[in-house]
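As structure tokens, the structure follows; a few thoughts come after it.
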Amino acid sequence: MRIGARNQLIGKVTEIKKNGIMVLVKVEVPAKSKMASVMTEESLKDLGIKVGDKVEVIVKAVNVLLLKR
Amino acid sequence: MRIGARNQLIGKVTEIKKNGIMVLVKVEVPAKSKMASVMTEESLKDLGIKVGDKVEVIVKAVNVLLLKR
Amino acid sequence: MRIGARNQLIGKVTEIKKNGIMVLVKVEVPAKSKMASVMTEESLKDLGIKVGDKVEVIVKAVNVLLLKR
Amino acid sequence: MRIGARNQLIGKVTEIKKNGIMVLVKVEVPAKSKMASVMTEESLKDLGIKVGDKVEVIVKAVNVLLLKR
Amino acid sequence: MRIGARNQLIGKVTEIKKNGIMVLVKVEVPAKSKMASVMTEESLKDLGIKVGDKVEVIVKAVNVLLLKR
Amino acid sequence: MRIGARNQLIGKVTEIKKNGIMVLVKVEVPAKSKMASVMTEESLKDLGIKVGDKVEVIVKAVNVLLLKR
């Protein structure tokens, strides 16, 4: 399967927080960097992921903001 | 300075591709993972970044999609 | 493979317009509805799609706006 | 009224789920395809929609991801 | 017409830059603040706007990032 | 610090609504215009903002939709 997005990282689910219709899923990507995804609880059920599972983290490049300090 | 987003990685600019009003900036984050940002050429000028510069990569968690193979 | 997004439609690529680093891909979904995706030319190459190919159209629900006339 | 987005479908609201400050609105578009929008509860009130209402579903093309299996 | 988004400002088009399939439209909102929208050239044609026209600027709250210096 | 986004306004926090993992932050920008941001409660804690604080409102131009009535 191929995905039309410039950002594709492999990660491991470290935490799932539920409260309301939205859930927050935390993922550890290489070098212990932390990422997070917010999705509906329905999408979480469809994904069927739990802490410890391997997932792919996808972000379209247009949604990536760069800052320079 | 503090930023209201769950995804904040440090990276180094590895390539800048320009063609049209949009530019594609590639960034290497820890563990040699690659990320990319698309922005307007005007934003690139304001940022004032060039290959080799350190940048922060910011993504709101709502714009992160998870997949499970 | 499972995808953490509420909007998943099947479509057929009807047109690809390239000019600059971004490309516009048009897709026909059921009932002859038309949808469109903008991505980088690099993502298009990775996807490897051409007119006539079947694709999946994915949109996170947070990026869907509703209007009422 | 004209809208600057490539994706504009007509649909009918089939379900509204509320819990927390966000709500999930499900919409049936032509050919019985299902779409969904997440918005704030405040936006839902302003929209004034209920199950059975006709709505327009708007998505900017940059927020549409294509996959190929 | 009602719109399901928390950010709705009225503005006036001050500049349109075209190059490639994407265009950049600059808008002056109240108090001389400047905003900008990137869309496909096709969407610009459908909108039919030109410099000096009044437009509405719509942003979903999930796509708004806050910073604190 | 420089930010790679076309929309950067200064505002003052007027209200914070919490319920579930997401929060809604309302901001008054110049000329009494109102804007709003939805973020995770965790991001709100990291930001450390409260009603009355000055914040910067950042939006990438690709996430700005224009309408013409």
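By written order: A, B, C, D, E and F. Residues from 1 in each chain.
In the analysis below, contacts are C-beta pairs under 8 Å (C-beta built on N, C-alpha and C of every residue); 3 or more make two chains touch, one makes a residue touch a chain.
The structure presented is a predicted model; accordingly, all values stated were derived computationally and were not measured.
The minimum number of touch steps linking subunit A to subunit F comes to 1. Among the other chains, the CA centroid farthest from that of subunit D is the one of B. A rotation of 180 degrees, rounded to a multiple of 5, brings the CA atoms of subunit A into register with those of subunit E. The distance from the centre of subunit B to the centre of subunit D, each centre being the mean of the chain's C-alpha atoms, comes to 29 Å.
Centroids of subunit C and subunit E (each the mean of its C-alpha atoms) stand 22 Å apart. One simple way to say how far apart two chains are is to compare their mean CA positions; for subunit C and subunit D this gives 17 Å. Shared interface positions of subunit B, i.e. residues touching 2 or more other chains, are given as 1-6, 19-22, 24, 36-40, 42, 47-48, 58, 60-63, 65-69. Within the complex formed with subunit E, the subunit B residues making contact are 1-5, 19-22, 40, 42, 58, 60, 62-63.
Only residues 1, 3, 5-7, 9, 24-25, 27, 29-33, 35-39, 47-49, 53-69 of subunit C touch subunit D when the two sit together in their complex. Listing the residues of subunit C that touch subunit E in their complex gives 17-24, 36, 38, 62-63, 65-69. Contact residues on subunit F toward subunit B in their complex (touch as defined above): 1-6, 37-40, 42-44, 46-48, 60-62.
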